[in-house]
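Below, each structure is written out as structure tokens.
Both complexes below contain chain A, partnered by chain B and then by chain C.
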Partner chain A sequence: MYKVLKATFITIWSLFVLFPIMWAITTSFKPEAAVVNGATFIPWLEFQPVLTGWKAILPGPDSLTNLLTPTLNSFIVTAGATAISVAFGSLAAYGLSRFTYGWKKYSNADIIFFFVSQRIMPPVVLAIPFFLVLKQLRLLDTHLGLILVLTSGLMPIVVWLMVDFFNALPREIDEMAMLEGCNPIQAFFRTILPLSKPGLTVAGMFCVIFGWNDIFFALTLTATKVLTLPVAVIALNGTVTPYWILAASTVFSIIPLVGLAFVIERFLSRGSLGGAVR
Partner chain B sequence: MSLILKNVSVVSDKDGVILDDISFEFKPGRIYILIGRTTSGKTSLMRAIAGLLPITSGEITMNGENLDSQPIWERDVAVVYQQFINYPNKSVLQNVEFPLLRKGLSKPEARELALASINKVGLNDYIDRKPAQLSGGQQQRVALARSLARKSRIMLLDEPLMNLDYKLREQLRVEFKEIFNSQADAVTIYATTEPPEALILGAEILVLHEGRIIQFGSPTEVYEKPLSTSVARVISDPPMSILPVSISAGEVKFEGGYSQPIPTKMKNVKEGRYQVGIRANDIVTSKSGGKAENGTISLVEVSGSETLVYVDTPAGEVVLQMEGIHDVKVGESISIELPGNRMFLFETNGALCVSPDNAGE
Partner chain C sequence: MAKITLSNIGHSYNKDKDQSTWALKPIDMVWESGKTYALLGPSGCGKTTILNTISGLITPHQGRLLFDDKDVTDIPTAQRNIAQVFQFPTIYRSMSVFENLSFPLVCRGWKADKIKARVHEIAEILDITDKLGRSAVKLGADEKQLISLGRGLVRDDVSALLMDEPLTVIDPQSKFELRKKIKAINKINNLTVIYVTHDQYEAMTFADELLVMSFGEVIQRGTPEQLFEKPNSKYVGNFIGSPAMNFLPVESRSGEMFFGSTKLQVKDSKGDLKGKALEVGIRPEYVSVASAPGENVLEADLLGHDDLGSVRVLKCISGGAPISVKIPRSQGIPASKKLHLKLPSEKLWVYQDGNLA
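Let's look at the complex of A and B:
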């Protein structure tokens, strides 16, 4: 009885959650008639799937807009910001986990809070300062400019996650490495880093998700040269665009994240350390 | 050629005095046992030598060179921790090779030394396993092999057998003795809370208490003539019963009225207040009903071949050890005799006054 209830509940909940996505996917394959004459849901039964929507967003004779260039831009910006955030963020986190820094009554906890506090302020407050800084640096509407701005938002997440992760690794491991002839940097790269794959994966995943989905900074700090995917999709919304093209573009923009989720799901479900610590 | 500690102190804002003015010379080729209770500073002393705990004042030198100015990674100190610390992502062989490669040895040299060391601890069949695939005892052997392979000039073992089961402990203790004796020119320091371990390893004993070395000597010396009640408490297992007494008019008077004639060896002490210490295996149950102290049993521990009985008496808590397994129950009353010729006499401040003859027997 309990099992049946559970299965029913899960099924209903899944349908509830997945319905909008399923609807978007089916809509992206619909011809005009299947959209404007009332709602239809089931392909082949209620309508014949066509590729009109998809052809409109990809290069080719029927192209309305080309989403491939924005995808590439999004990819460059996300990868760049993630790489910088994970690399420097994990180094900072390791330092904060293993060494004590301080000035007067301020210590590690305050530094960690400083990092986290970067995310407290709403982005809209930061938009104008960032705009002015990037303008001064001649980085407006460039990949690098956007990467730097995103990094300022992503690195705190990495530091915050990785400090906890490193705290959970026994200190004795790095002590041992130092006793066996490694300086702290070598101890980190040779013994701690190989144990940190699960933590780095999680931190990296957060960076990718937030970076990929960023719209605010991309909208305010870039214009034409660096058009990212979310901005391009929103831009479609601004004009009168048929629903099937919109649906195709949204589905298109979440495909990379869904793919990534499937790839790293294995890492995540294996547990945080997989028996690394006794 | 020795490790010299000169007035080494460690004071922290949070924990107060951790090490209190320690001066000692550790000679190479010898094994030193650090014995003391859990917070006596054993681990801190080792961490200070290894460089993991900065010292507040004093000096640590090895063969004349000052260790304090050297970073941890240049000190060449091997440590075996109480927890079995190995690199989880490396195989047994890679674990043992790691410090050798860090030392700058070539790959084949490192492999050869590592294999020899693994052989010494009897893990030949496991060289490709990861630490997580080994039992606790095997993991600790890997840690030991890693430290041995390095042939460091200083080897520190911090309660290495603490987390192992009884049987494995016995076995490794015996192996340790052989392994350490082959480390000819290294200073080996071994910390333990367990007196039998110190006695079995047969090394010289340093008794640590509240951050200070309170006695140094051979196991028999320390056992027969503990310089103070603190040493006696640390070194006696089962614990020594220590009772306040007063000596007057040719009698040792315990609290609660029980008294007995003063033992011959204590004839010359001045009258006054003292403490008497007596080991658990020296106390006997009284059958004659003569001059005996009566008490109530508060705790009974049976351990295989002997029974430990904790007795509440008017004179204080007394622990006695009986050979074999006895059917005594908590709450029963019992009469015990405290043989005068087995008594240690301590001043009220804890300093040893008189020790019995052949106290070690």
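Let's look at the complex of A and C:
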């Protein structure tokens, strides 16, 4: 009985969660008639799948818009911001986990809170200051400008996650490495970093998701030269775009993240967390 | 190898001004090269603080640390050439056994063939040659601890080997084997070894000298025999030996010691100690059951006994003071509950306010 209830609940919940995605996927392959003459759901049975929607968003004779360039922009910006955030964020987190900093009554905990507090402010508060700063630096509508802005939001996530991760790794490992002839930086790179893959992967994944999905800063701080994928997809919404093209663009924009999730899921379940001690 | 000198070294973790609260109260101490020392004491008495001060994981609040005649107080850990084995086996999980053992040599920039030869040499001594290719994570706790130790031994520049309760997580059978191996290795390498433990047997089997610590201070330093035979305080008397030393309250009357109405002859008499809180101490090993009253013989009631392998501990009470008597098990339990206990004068020590008079 319990099993039946459980299976029923999981089925209903999965349908609820997956239905919009499934519908977007099927719609992206629908011909015009299958969309405008009432709802249809099942391909080959209710309609014959066609590539009209997909041809419209990719370069070619039937192209309405080209999403490949925005995809490349999104890729550059996300990869750049993620790389900087993970590299510097994990170094900062290691320092905060292993060494004591302080000035007057402020200590490590306050520094960590300072990092996290960067995410407390709503982005809209930051939009104008960022705009003015980037304008001064002539970085408006550039990859670098957007990377720097995104980094300011992603690094706190990395620091926050990695401080906890490093705290969970026994101090004896880096103490031992130092006893055996490493300086603190070598101890970090040679002994702690190889053990930190699971933590870095999770932190990196969060950065990629937040970076890839960012729309607010991309919308306010870039224009034509660095058009990112979410902005390009939203732009399609602003015009009278047929549903099948919108559906194709939406599905297209989530493919990289879904693919990444599959790759990382395998890696995470394989990498065992835990200390080197005992 | 190096002579280690602690000159007025003290440490407080919270930088307290009040020295009485320090984790390590200022001490002056010299550890000779090539000898094995055991630091003994309850948890939190400052043993690990001393080790970490020597290895540089802690910078002492005050004082100077010298290796031979070189001041190393401000030298970073990496340059002190200390090998340290922690309480829990510390291995680099991402590496194989071979990579673990070669790590210190890689850090020192040794050439690959030299590293290989040296690692094999040490693996031979530790008897883990067949496990060199395996992932270090997959080994048992005792083998992991061997690798921790091995990483200390592969280096040819070690000033001192510090061991912080290295056998705590090892099961008793492997403990015996590992202890034997560590001892053998120390002999070969002639290292200065400082061994921290709260297990007195471990300390006594390992060390040339013992240092008993309490609340950040070294209470007594000496050979295992000295500490057993003549503890300088009640604390050491209670800490070393099992069961603990017997202490009986006494009075000094014109230079002679009286326990109740019984006069006790003490060989090493200190004269008149009137007006002080006096006790005499004697090891349970040296108390014997006498057949009749006599000199230095107390009357006591037998309360019960504990059998500990080949020995038996009789629990007695005399004039309100508990007395333990350690006898061979073969001697049998006395038939009468009323006993005469002989306290030989040459094994009795007088303690005044908790310290040897």
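Things worth noting here:
Convention: the second predicted complex is superposed on the first by the 270 of 278 C-alpha atoms of A that agree within 3 Å, B and C clash if a C-alpha of one lies under 4 Å from a C-alpha of the other, contacts with A are read in each partner's own complex, and residues count from 1 in each chain.
The definition used in the following text is that contacts are C-beta pairs under 8 Å (C-beta built on N, C-alpha and C of every residue); 3 or more make two chains touch, one makes a residue touch a chain.
Because the structure is predicted, anything quoted here is derived from the model rather than measured.
When the two complexes are overlaid on chain A, chain B and chain C occupy overlapping space and clash. In the superposed model, A:A235 makes contact with neither chain B nor chain C.
By the touch criterion stated above, A:V35 is placed in contact with neither chain B nor chain C. In the superposed pair of complexes, A:V133 makes contact with neither chain B nor chain C.
In the superposed pair of complexes, A:L64 makes contact with neither chain B nor chain C.
By the document's definition of touching, neither partner reaches A:I215: not chain B, not chain C. In the superposition on chain A, A:P194 contacts both chain B and chain C. By the document's definition of touching, both partners, chain B and chain C, reach A:G181. According to the touch criterion, the shared surface of chain A, contacted by chain B in one complex and chain C in the other, consists of residues 170, 172-173, 175-183, 186, 191, 194-195, 276-278. Of all the residues in chain A, the ones that touch chain C in their complex are 170, 172-173, 175-183, 186, 190-191, 194-195, 276-278. Those residues of chain B lying in contact with chain A across their complex are 50, 52, 71-75, 77-79, 81, 83-85, 87-89, 98-99, 102-103, 131-132, 139, 146, 150.
Looking at the complex, you find that chain A touches chain B at residues 170, 172-173, 175-183, 186, 191, 194-195, 275-278. On chain C, the positions that touch chain A within their shared complex are 55-57, 76-78, 82-84, 86, 88-95, 103-104, 107-108, 141, 148, 151, 155, 169.
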